[in-house]
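Both complexes shown next keep subunit A, but they swap its partner, so subunit B is in the first and subunit C is in the second.
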Partner chain A sequence: MSESAEKLKNMASLAGKYLTFRLAEEEYGLEILKVQEIIGLMNVTRVPKTPSFIRGVINLRGKVIPVIDLRVKFEFDIKEDTDKTCIIVVQVNNDNNHSVVMGIIVDEVSEVLDIKGNQIEPSPSFGASVDTEFILGMGKTAQKVVMLLDIDRVLSGDEINMVGKTE
Partner chain B sequence: MNNNDEVALDLIEQITSAILIANLADPQECIEIYKLLEELEKVCTEPDCCKMTRNCLEMLEKHILNEGTDETINEMMFVLSGEKRLLVKKINCAGQGENDRVIEKKTDMEIHDSGSGLPDELVFDLNDEIVKNFIARQFGVLEELEEHILLLEKGGTVDPLKRIFHTLKGESGMVQLNDISVLCHCVEDYIEEGKRSIDDLLYVKDWLYRHFASLRDNQVHEENVQEVIKKLKKTATNISEPQQNKYEKSIDNNRLSSDISLLSDFITEAMEHLQNADNLLLELENNPMDDELLNSLFRVFHTIKGIAGFLSLEGIQTLSHITEELLDKTRKKRNPLQHDEIESVFCSIDTLKLEIKQLQTGIENGTTYTVHEKTQKLISYMECLTKKSDKNRPERIGEILQNSGKVNEKQICSALKKQVEHPEKKLGEIFVENGLVSEKDIDEVLGKQGKSAPKVAVRETIKVDTEKLDKLVDMIGELVIAEAMVTGDKEVVERASTRALRNMRQLDKITRQLQEVSLSMRLVSLKSTFQKMARLVRDLSKKSGKNIEFVTCGEDTELDKSVIENIGDPLVHMIRNSTDHGIEPDDERKKAGKTQRGRIELRAFQTGGSICIEIEDNGRGLDKDAIRAKAISLGLMEETDNLSDKEIHSLIFQPGFSTAIKVTDVSGRGVGMDVVQKNIQNLRGSIDIKTEKGKGTVFSIYLPLTMAIMDGMVVMADRERYIIPTSAIVESMKFKKEEITSVTNKGEMVDFRDNLIPLVYLCEILERKIDNKIDDDKIIMVIEDMDRRCGLVIDSIIGQQQTVIKRLGEGIGSISGISGGAIMSDGNVSLIIDVGGILRNTKQYKT
Partner chain C sequence: MNLKLSTKLIGSFLIVAAITLVVGVIGWNGSVKLNENVDDIGNKQFPTVQALLTLQQNLEAYRVAQRTMLNPELNDNDRKRQIDNFANARNGYQEAMEKYEKIQHSDEMNRIWQQFVSAFDDWSRENGRFENNLKKLDETGIYNPDRLLASIEQFIGEHHRLEGQIASLIINRNQFEGGEDHTSCNYGKWLSSFSTNNRLINSAISNSKEAHAQFHQSVRAIKQLVNANNIAAAELELRTMHKHAEVVFGGFNTIKEQAAAASRLNSEMSIIAMDDVREKQDVALSHLRRLVEISNNIANDEISASVASANFVAVLTIIATIIGTLLAVVFGIFLSTSISKALNRIIAGLNQGSEQVASASNQVSGSSQQMAEGANEQASSLEEVSSSLEEMSSMVKQNADNAGQADSLMGETKTRVEKGDSAIAKVNKAIGEIKNSSDHTAKIVKTIDEIAFQTNLLALNAAVEAARAGDAGKGFAVVAEEVRNLAQRSAEAAKNTAALIEESQKNAEQGVEVSNDAAEAVKSISESAMKVAGLISEIAAASKEQAQGIEQINTAVSQMDKVTQGNAANAEESASASEELSAQARELKDMVNELVKIVGGSSSENGSSSGYYKQDMDNNKKNGFINVAKKSFSKKIETNGKSTMSPVSPGKNGKNDALVPSKVIPLDDDELSQF
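Right after this comes the complex of A and B.
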């Protein structure tokens, strides 16, 4: 009992504004403070010898930043880019607590939602085989359910930094 | 008798300060001053002084009886300062022993009084750079002051005010603006007494503003400082004794802990000054008769002494004072500095640097600052040196010529004899007539002998945070790209009118200029680096007993700041090598029939897209056979290997490689050149050696103009653009299928100028799909790094381009074969090929 109360309390601390976006028919939410900006899809330069979920690099006003294809990362079916496909530029903290700027490619950006503490529920557990670690919780609003992403986990520096070193 | 004079001097000082501070409208105070004057009259033995004192007394009487004008007091001050000067002169003449006491007086910071405590020539001219700078700075200070005064009203503290006035007092005293320093002193007292009238303080600030403004415009400020002081006195009563130094000590004891910002300012400033002093002294050594140089040097020490004085940094103050003393003596005697004197001034500069560094670490670690023991020793040594006075004269033209090896003693004698016959002729002319030396040489020598002070206009600079600067440069980079995107847009260009196109071209031009300026902002001249080298050569030649002439050329050449920071070390190593190994000892030079004086030349110039720094010596040159033998013994090469001269010479860059028989404390371990090559490679530069045995060596270092910009060749492979550094490209060629030799399991080779080199497909390396391998319209680009070569197969070449190197974001680590990304004119990112990485991975193909 007390454990679940604590969990609920944790959930309450997640209350705040979230940028929601669509990815393969699902709705996801990103903590608004992590988002730097949203840009339209531009020409992405592929970088060899990187995992497939790294689409490549782009020029963000003179700065070169990597772009992650979230569909590939989440192992969804690969779909052609549309007009609505865009890049959300996020600031992620990697393991060394360095802030890294990255872009993530999503199908469509929806809106900014104000989610209150009582609207958030812990992520459901599907048993041991399903990893829900990168989901902070589920936000329920009148119309829909939004998965709140722990973006630091999704783009964990560990996984990405491993990339280049394997020759 | 002398004692009397000193008492008189003290009295005069008391009187002058009393006059400045006293409320002269109050008869009681005037009588006090009157009494002091009477005492002075009694003490004074010098008839002239008596007369002057008498005059003063009469003037004061007039003032008390309200008969005098406002001018009376000023006149009185003038007379008193004249009297003081007279006394100082008298004491100065009184003898060596007495001399020291006057010097002591001088350090007591009594320059605040009326400027007469110092010899006349020391009084700063208002046109002096230092004074100008000081005045210019004060407007900002006054603004700050006003802000703090206003804050006071809202409950702020008086501490910042105290600090400002104290600084101002010290600095204005230093540049002989005595009115200001006296006023500041009064204000300090005023604050100390707990008075807080905002109006009064603002009045003082306004007065100071007007005063500085009139000083700046070279006008006379009408308002008398007395007025302000009087006004202050109305609120403040009972001003404590005006003895400057006592006051100073009482509040300065804990300054180290309390005023870090002031100290750190001092540290940076003093370091700059000392750097400057180094250069001045070096120049002075070559140009001993240049008064201007000596004066500048003098000012450096004077400034440091002044600031260190009011910061209570005793060691620094005493040392700079004694150095100043030494220089002053030289200046008065109009003799060039002696060799040991120069040496000791150098020593003093170094020690001061050491002291300041210590002070800095002291501040950083929160420890207290103590005077270094070395400093104490140096101070006493220099004291001895100052007392010792020996005569010297400027070098004669003949001596200079003889030293430089142009003529010998006999020739001078005969020329001198000739001069006796024709007394109207100059010695130099006779030399030229005899064909011994050219006219140019004589001009050069005359330049050395006389005063050839090249005056350099001081450019105004402003210190900017590098972070801000980098941001600006970044943003301008973005602007250039954005501009290119707009003007390069097909749609825009097709629909635009002629006028719009013209405007666009104008925009293009301006952005390009902007980019050039932004890049040049990070550029720093090589001057300070070269000057450091000059000092190094000097020290090393003294140490090794070799006579070396050091010439620099092109020191105004500019390089990126980061490059300058990293080029210092390699240059030091190379110069050390040149002096230690390159230049032979004197007797060896004589045997080889060379001039006695060795010569090292440091040159910098721009060639194409890179900067070249050359170090040339006329020493013994590299010994090819010795290097070869050493390399064989170290197993770096086989005896049968047939290496080119260039390859043999480059062996000296191998770590631990040295042909020196004996390891000296300068060089010989074979570490230096290794460092040189590493650093230069890190800077994406290269190094080249030209040498001739017995004649000398030239090392040429080629460096890119900036670290961030690279000259690259844009190529296509699988519909993607890549950039290959131009410096790595040997040659590009078309080829036919038949020329490719396939080696089983070893890949493909191509015949390039009778050498088989491995073929590498760029697409393959970058894991792009490979379409139909080789066909006739593909291109092989031969790339090279560290003597390894390979042929890179690409689709086509687009062209050469200057590119800005960017890292591939932090999320992506290092990838072999890719060194970074570059933003192209269309805003897309292209990858830069790491040639070294590719060649390392293909080493298994190596024949």
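Right after this comes the complex of A and C.
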């Protein structure tokens, strides 16, 4: 089978429900199964000596969860939090298949989209030096293009470990 | 040096007089000093020296007389002469001493004089001793004792010889010649010629005279007896002769004694004279010589001092005279030149001045005429001014009334504006309330929005759970979807409401803005109204002041009218005064001419110019004051397009400041009629 055909097949496997959110004018999608819940932005307790993309920790019904600022991670310009800013609580698997619960701060949560296989395009390649593994694919809807993220790959293994340590 | 003339003159003369005085004083001083010195020399030193010399001379004379007196050979006349000499000398030196003592001498001289006096006293004492001896000598009467002694010795010898001869005759029968006559005996001869005052001698002589004669008789007798060979009788006679001889020898001894006494006196006298007196006299003379020396020195000093001072005075006098002469000459020249220069300058200035005065007086008369005309014009214009002022006054009154009205209107406007202000305030308040309620509504809407959002989130969570649940959750997913829709609808509605509220808020704000603008406008209106009110009140006040001012101007104008009348009268007066002025100028010129004559050298030029001026004045009178008026109207002439100023030509008299108007501006009456 050709690479593209393989890719097409992979794309088909990506079909399903995705939770879309906005970050810096762009729509991104997360697999719904990875999403635990969505909460509005609450007070983030900052933790010293953590990388900048880790905003801090929150207290979610007694549980302490680390929160990542996706803007910083994606190296977008930092913007002020609005009242639409939300935290998406996700379950991330590290290399040891250990699941870490963390929160991701996004600008706005849109909807749950059901995306079919034929609506997904593979992620473009920018060359060998640029790593686009964290992008599952590009989902096409009637109105817009949604970048489907592989949340497991957004953070590197070390980073996940580090994040996990903050729990 | 700008001193007064009198000061300069007096000063110069004083200086010269001072020099003369100085010269005179020096001369007088010198001559006084000279006089003193000469006086001193003449009245003091010279008589002193004279007296001293006389004294010295007399002392010497005295001593000479003394010495002469020592001479035993002196005859009585000589002796008398010497005694006279003594007396003369004594008188002489006493006179001299008195003379000397009458004169005032220096302390040194006085001291030496005292020494001299004491020495002199010593000398006098010795003289006294000498004279005592002399007197004693006189008493002895033996002035030449040695001769007497010698004679007596001779006599004694002869008589002793005679005795021996007799003895030898008797004894040895030695015959001898002589001895028989007492008159041929030397002693006898001597006796006859001898006379003396000495009593003792005289008595001795008289005593022995007889004996002497008898002695010689005895000798004769003895001789006879011996010849007669009567030796016994001869021896008897011899004894008689010896007795007579003793008497004679006694007489001889007495004479000898006297002679010895006299000789002693003589030798004493000579000692006195030669030693004592000489000693004392030498001392006294040394003092005298000292005094003479001193006196001479004083005299010499005074002479040389006089000579020196006389020379000095002469030199000073010459110098001072020369200086004085030079100064006098210099001052004289300097003063005279400066004075005459100054006077010349003054004369020139006066000339100029008088000419200018004359021309100025012409000008004055012209301008005064002009003034009279002008005053008339002024009066007429004043009338006009007064009438226009009246108009102004009425207008100003009107202004004041209008201003008053406007003022009252402004008052009304103010109240209305205030009303408007309050209405606007109310409007603002209402809008504010609207805004408040809008805000409330907005808050509520915001709450609704939040609820919608949370509901959305819940719906999403529900969708997530439903997806997790898979098949079992499909129905739940639908419900979640519916809930989400609802939430979205609420959100939508809330958004719309929010939009509407925003709009209404905007409108409200707009309304606030508009009302604010209106308020501002009203405020500005009110401000302007106030300003206008202020201005109007100012106008009212100003109008009042204007009215007052106009009143004042009215009074001033009437005053000016009076003044103008006065000016016209004054112009007439000044015209006549200027006539007088020109007359005075002429007189001044005459006086200047006089001064010129005094200073020296009259210039015909000055004389003629005064006549020239008279002519000019007559000309001026003929043409009225037109000529001068031309000069002052020269500016008007130029503005009228006619420039008729001719260049200034120098006057006949060479003085180029003889500006005569008729020469300067040659206008005729035709051209003037245009005025």
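What we mean here is this: the second predicted complex is superposed on the first by the 156 of 167 C-alpha atoms of A that agree within 3 Å, B and C clash if a C-alpha of one lies under 4 Å from a C-alpha of the other, contacts with A are read in each partner's own complex, and residues count from 1 in each chain.
Quick note on the criterion: a residue touches a chain if its C-beta (ideal position, glycine included) is under 8 Å from a C-beta of that chain, and two chains touch if they have at least 3 such contacts.
From a predicted model like this one, the values you see are computed outputs, not experimental measurements.
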item: Fit-or-clash call for subunit B and subunit C when the two complexes are aligned on subunit A; value: fit
item: Touch count on subunit A, higher of subunit B and subunit C; value: B
item: Which of subunit B and subunit C A:K84 touches, first, second, both or neither; value: second
item: Touching partner for A:I39 - first (subunit B), second (subunit C), both, neither; value: second
item: Partner chain in contact with A:E75 - subunit B first, subunit C second, else both or neither; value: neither
item: Touched partner set for A:E25, first subunit B, second subunit C, both or neither; value: neither
item: Which of subunit B and subunit C A:E111 touches, first, second, both or neither; value: second
item: Angle at the Cα centre of subunit A, taken between the Cα centres of subunit B and subunit C once the superposition is applied, in steps of 10 degrees; value: 110
item: CA minimum distance (subunit B, subunit C), superposed complexes, angstrom; value: 15
item: Subunit B/subunit C common contact set on subunit A; value: none
item: Touching residues (chain side subunit B, partner subunit A) in the complex; value: 474-475, 477-478, 481, 720, 765-768, 806-818, 820-821, 823, 827-831, 841
item: Contact set on subunit A toward subunit C in their complex; value: 17, 19, 32-33, 35-40, 83-84, 86, 109, 111-112
item: Residues on subunit A engaged by subunit B in the complex (per definition of touch); value: 42-43, 45-50, 54, 56-59, 61-66, 68, 92, 94, 98, 100-102, 155, 157, 160-165, 167
item: Interface residues, subunit C side, partner subunit A - complex; value: 450, 453-454, 456-457, 460-461, 463-464, 467-468, 484
